[in-house]
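Before we start, here is the structure in question, set down as structure tokens.
Each chain carries a letter (A, B, C, D and E) given by its place in the written order, and its residues are counted from 1.
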Amino acid sequence: PPAGAREEEGDLRIACASNFYPTLKKLAVLFKEDHPEVALDLISGASGHLYQQIRHGAPYQLFLSADSAYPAALYRDNGSGVPRTYALGRLALWDPRGLGVNGERQYTLAIANPATAPYGRAAEAAIARYRDARPAPRWRTVVAANVSQATQLVDGGNADLGLVALSLIQARRGEYRVVPADWHRPLVQQGVVVNPGDPLAEAFMAFLFSERAGRLIRAAGYALPGGSDAVAR
Amino acid sequence: MPWLASGDAQALLLTVKLAATTTVILVALCLPLAWLLVRRDPRGRGLIQSLVMLPLVLPPTVLGYYLLVAFSPAHPPGSWLARLFDQQLAFSFSGILIGSLIYSLPFAFRPLEAALQQRGPALDEAGRVLGFPAWYRFLFIVIPGIWPALVSAALLCFAHTLGEFGVVLMIGGNIPGETRVLSVALFEHVEQMNYQAANRLALTMMAMAVVTVLLSGHRHDRF
Amino acid sequence: MIDFDVALAAPLALRARVRAQSGWLGLLGHSGVGKSTLLRALAGLNPAARRLRVDDRAVTPAALARRVSLVSQTPALIDHWTVARHLRRVARHHQAADLAGELIGNLGIDGLRHLYPPQLSGGQRRRVALALALLRRPRLLLLDEPFSALDDDSRHRLYPKLQALTRRLGCDVVLVAHQIEDIARLCDQVAILEPDGVSYCGALLPGLRRYQGQASSCSVLLGEALSGQAETGLLPVAFGGRTLWVRTPRLPPAGTPVRLLLHADDVALSVAELEGVSLMNQLPARITGVTVQASGVLVECLCERQSIQARVTGLSQARLGLREGGRVVLLFKASAVSLLTEF
Amino acid sequence: MIDFDVALAAPLALRARVRAQSGWLGLLGHSGVGKSTLLRALAGLNPAARRLRVDDRAVTPAALARRVSLVSQTPALIDHWTVARHLRRVARHHQAADLAGELIGNLGIDGLRHLYPPQLSGGQRRRVALALALLRRPRLLLLDEPFSALDDDSRHRLYPKLQALTRRLGCDVVLVAHQIEDIARLCDQVAILEPDGVSYCGALLPGLRRYQGQASSCSVLLGEALSGQAETGLLPVAFGGRTLWVRTPRLPPAGTPVRLLLHADDVALSVAELEGVSLMNQLPARITGVTVQASGVLVECLCERQSIQARVTGLSQARLGLREGGRVVLLFKASAVSLLTEF
Amino acid sequence: MPWLASGDAQALLLTVKLAATTTVILVALCLPLAWLLVRRDPRGRGLIQSLVMLPLVLPPTVLGYYLLVAFSPAHPPGSWLARLFDQQLAFSFSGILIGSLIYSLPFAFRPLEAALQQRGPALDEAGRVLGFPAWYRFLFIVIPGIWPALVSAALLCFAHTLGEFGVVLMIGGNIPGETRVLSVALFEHVEQMNYQAANRLALTMMAMAVVTVLLSGHRHDRF
């Protein structure tokens, strides 16, 4: 059991929702500076898959989920640690080709699958909100499996616009508009220590809430919990 | 509560349509192509054989991604295709049909080619001796002569399209009645921890497969 | 006119040129010499043939396949078609529905209509293949040992029917058979295939003699049928100024020119005509040659200006004092003569 | 002892019981009667056989397959093995390396070693299959028309070798052949298969006569070889108190009991012995029966207590006044007699 | 910069190991099973044929999910398996191997069965006439006799395992060096919009496939 291992040494396997994976990689570099003896394995995947795997005994010590339902279920059924929100995702309307939303032709709008992806649910809520305010817009919604696929649809030109994660596009070309945070339920990124008391996992969890990590997370296009809507632009 | 959710029933119909269309088109396409390869034995035969296998090597999602790139109306192949089909291919039934065709191609082609190679020439010669023209021999002598292999190829195609998912999910856009097939629906149920619906759908699909295979088996034992 | 010139490619490099009269041509050759391979090339089934000329014109295999029918040693049929479907489809495709009924009767395949080829016996399969080959009304019919699974009786009943049919359809026939008797009965001409090509192509008897070495020799006599009495089964044949008696189950109409086959081994010699013997044919003749062979003494005689051979033992030759220029009487039974002409 | 009892299931419901002496047994039957099907069942290849008894014991198909070799009408070989590999593997599997060399020589398949079965000619394939069948040293060898692609010459050269081999290996043989001559030369006994079972099983000649109806009749004479001169190709045979002359390329040692075959059509009759004729055999005999047939008059005679048949025309019968009890002289050439015994 | 990222090279090795093992095991397993079905023709043959097809019908992720449930050490099938293999099956190489085996089963079984059905009995009889025992006939006569079909089945298996992804991802869990195969790596590159790495990896996989197919084709033309 990890409890018997020396505190600053050993393997740490982190399962991470794929939308946060690039950020996690940067965080890992920072973490290694402080804990050179720790070997980090970063595993990315869909939150749902990772949850299923952990439920069925996957050897992951820390789970960073993009959907609060899964950490909650683990906490409830698996005796995992208390889920803690370390970041809030932001939804953005991406318009890389600068088409504007009110033009004459019909647009294709890519969103993640509302049934399975939190960003999809958020996008759906945002669309409903948008419709409440204006006459029916001329767009057709296409649903991608997850938010990164939605991003790819727009990127490749198959869809004109996308309601996608800000973290995925802010470093890319093209215009985007951040959707106001109150148009949808918060997109919480929650971490959960799979086996409570696991020193390495707890250490990483603590690091996530450090200031250095917070700066990096914000720079990557997330908001920090408790903080204001403090995203640049 | 009905056995299947209403959306699932619609997905079922769409899936059968997709699988049947894919199977028919693939078999109809691969038979002459494979026969040509076997008869003519052209120089580039090995290359064609391996090209046909390529769709299998890529993970479906990745294949789907490349198809998306190809279908994108922003640049050439996609813009031509869009003009040709008079609609954008991605997110349409035609699009997932093309995806399925490409992805299931090896399953139709390979078994048919192997069978034609082993039995075709002898069958063709028997027909030739009886004085039938080439098209007649192919249709009425060679094809029935490799019937078990043809059934097996068609079944593989059909079943594979039923379960196929990565490509369709990627290029289909999950539009109910248009591109939302059973496998996508099933995937969603599992993802949503909707286990009962998932189990029912899985059972339904497996029952369909069993029935299809059992029905197709009847002709096997004619001799 | 049967006229072809075929060059097969390696591994069985073989050049075969044949030019013969219309009718039945026997193709003789030892096992493995390439008879079947040659027939396949002639049927357009050997795409590797280096040269294919028929009637002095170059032809493609496909063009050949259209006009030539082949019944091979192990005829291939369509395993998933019944015999009836074979017959129906081939007849439809070649507009030969009328012919089908006749062939079915003649070849005794009526009871087989509902069977699939894997259920047929060896002989049945060959007969079905033969019927299908004829249904195509080919210009040239190639038969590769079609009779080897038929017993003597059925064979002999089949021959006249086949000859009549091919004559009516106007198709020439190349026949490969290992039973010399089949060739002798059916063919007017033979070609001999040897590893380095066709070594002989011409009339039946010299061909047979050449093929079999001196092991067996026979003569062909030409005559004209007289009117006989069917009940006796005996046909009188005008042979020059004399009459020969031939046993045959059916008599041709009087006046028909007939060809008769007589084996040298069936002819005995006597110094004078005999009384009180059952031998129906006694022909005075002059000896034109005496050849001593391992298997006896071959005596060549001239009678009514036709050549007849007899083979006797060395003992008899000495006893009767047979030598060139001498006079003898040829003795043979009516049953020793076979009527080659089919009518 | 050849003893089997097989009941085939539908569609070819057939019960065949055969009990015969060890040696070669000819199996006669018209095309499609079920000869090949029966042989397949005997080789253990028909799992649907309803009853399989051999030597009065029930056996399983698998047990049969181990002891019985079959050369079928179109022998199946392994397409991806060369002939050499066939021979090597079968020989290894049955510890018969010594036999292999001998068979290769006797059957003339030496030049075929590097070929794959699809490259073999019809006759070559059969010879290879025959070699493989013998290599297995079977208790019972089943031959389904093994000679139909061999010409007369090769066949006659093959027969004595085959007989010697099977005798040495101590294996019994069931031979299906459509050439009556093959059966007559090789077999001592025949069985006749008809649609409702085996209608005859016993000695060769009555069997042949029964099978061929009265269409052709022949006699078998038993005698003892005397010493002859090989150069003349004539074998004197003691036949009761008389001497018969038989033409044969090789003479058996003096004292060998021999079987001679004589066709009724090759025998002429005379009222008295003749002088000055080449006919080597003249046997005084008594007429024991006269039967008028469609094809002539069959005259049954007794000579030296053996029965000999002659067929003459109705005209001759009248002319010579042939009737039962009368005395005649049987005339036949030395070449009309064939030596059945192989040595 | 090297052609492949270091993690990808490791994944490449693992993938080849997985695909080769899967192919060998499947072919070795399906040949006797299919032969038994063809020879004995048991009553339940149609049912077995259709059961074998089932893995194909379910979307790979869903199949993976069910396998995950089955492998879970918490309850019976998984707890037995864990004791049998002396380790937890999920998230180990053995686990993804079993997943691949199940998922690729139809591709090996079907073509082999069709070929055995068409050519097997005749080949077997030829061997029987020569007096060889059953095992010998099967190994040295029947199997070489259906060589083209066998190659085709093996290729389908191999290629399919290369590209397979849903099952492996689900029960393997993407652990570098243990369960992170090429297809998963490729999927990740695409997912991370890491297009250059994705393209390189895709090209590598396709080149592997072409070479494999070309190599396997050589024996075809022996006759």
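As a working rule, a residue touches a chain if its C-beta (ideal position, glycine included) is under 8 Å from a C-beta of that chain, and two chains touch if they have at least 3 such contacts.
From a predicted model like this one, the values you see are computed outputs, not experimental measurements.
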Outermost chain relative to chain C, judged by CA means, is A
More contacting C-beta pairs: A-E or B-C? The answer is A-E
Chain B and chain C: spacing of chain centres that average the CA atoms, whole Å | 58
Hey, how far is the Cα centre of chain A from the one of chain B, in Å?
-> 36
For chain A and chain C, what's the span in angstrom between their mean Cα positions?
-> 92
From the C-alpha centre of chain C to that of chain E, how far is it in Å?
-> 61
Sequence positions of chain C contacting 2 or more other chains = none
Specify, in ascending order, the residues of chain B that touch 2 or more different other chains.
-> 65, 190
Check each residue of chain A and list the ones that touch at least two other chains.
-> 52, 149, 152
Which of the chains are touching one another, listed as pairs?
-> A-B, A-E, B-C, B-E, C-D, D-E
Report the residues of chain D in contact with chain E in the complex, numbered from low to high.
-> 43-45, 65-66, 69-70, 72, 75-80, 86, 89-90, 93-94, 116, 118, 132-133, 136
Within the complex, which stretch of chain E touches chain D?
-> 122-123, 125-132, 136, 140-141, 144-145, 147, 222-223
Which residues of chain E touch chain B in their complex?
-> 45-47, 49-51, 53-54, 56-63, 65-66, 106-107, 110-111, 113-115, 117-119, 146, 148-149, 151-152, 155-156, 159-160, 162-166, 183-184, 186-187, 190, 198, 202, 205-206, 208-210, 212-214, 217, 220
Contacts from chain E onto chain A in the complex sit at residues 61, 65, 68-69, 71-74, 88, 90-91, 169-171, 173-176, 188, 190-193
Chain D contacts chain C in the complex at 11, 28, 30-32, 34-37, 73-74, 119-124, 127, 144-145, 148-154, 178-180, 212, 215, 232-234, 245, 247, 249, 265-266, 268-272, 274, 276-280, 294-296, 310-317, 319-320, 331, 333-336
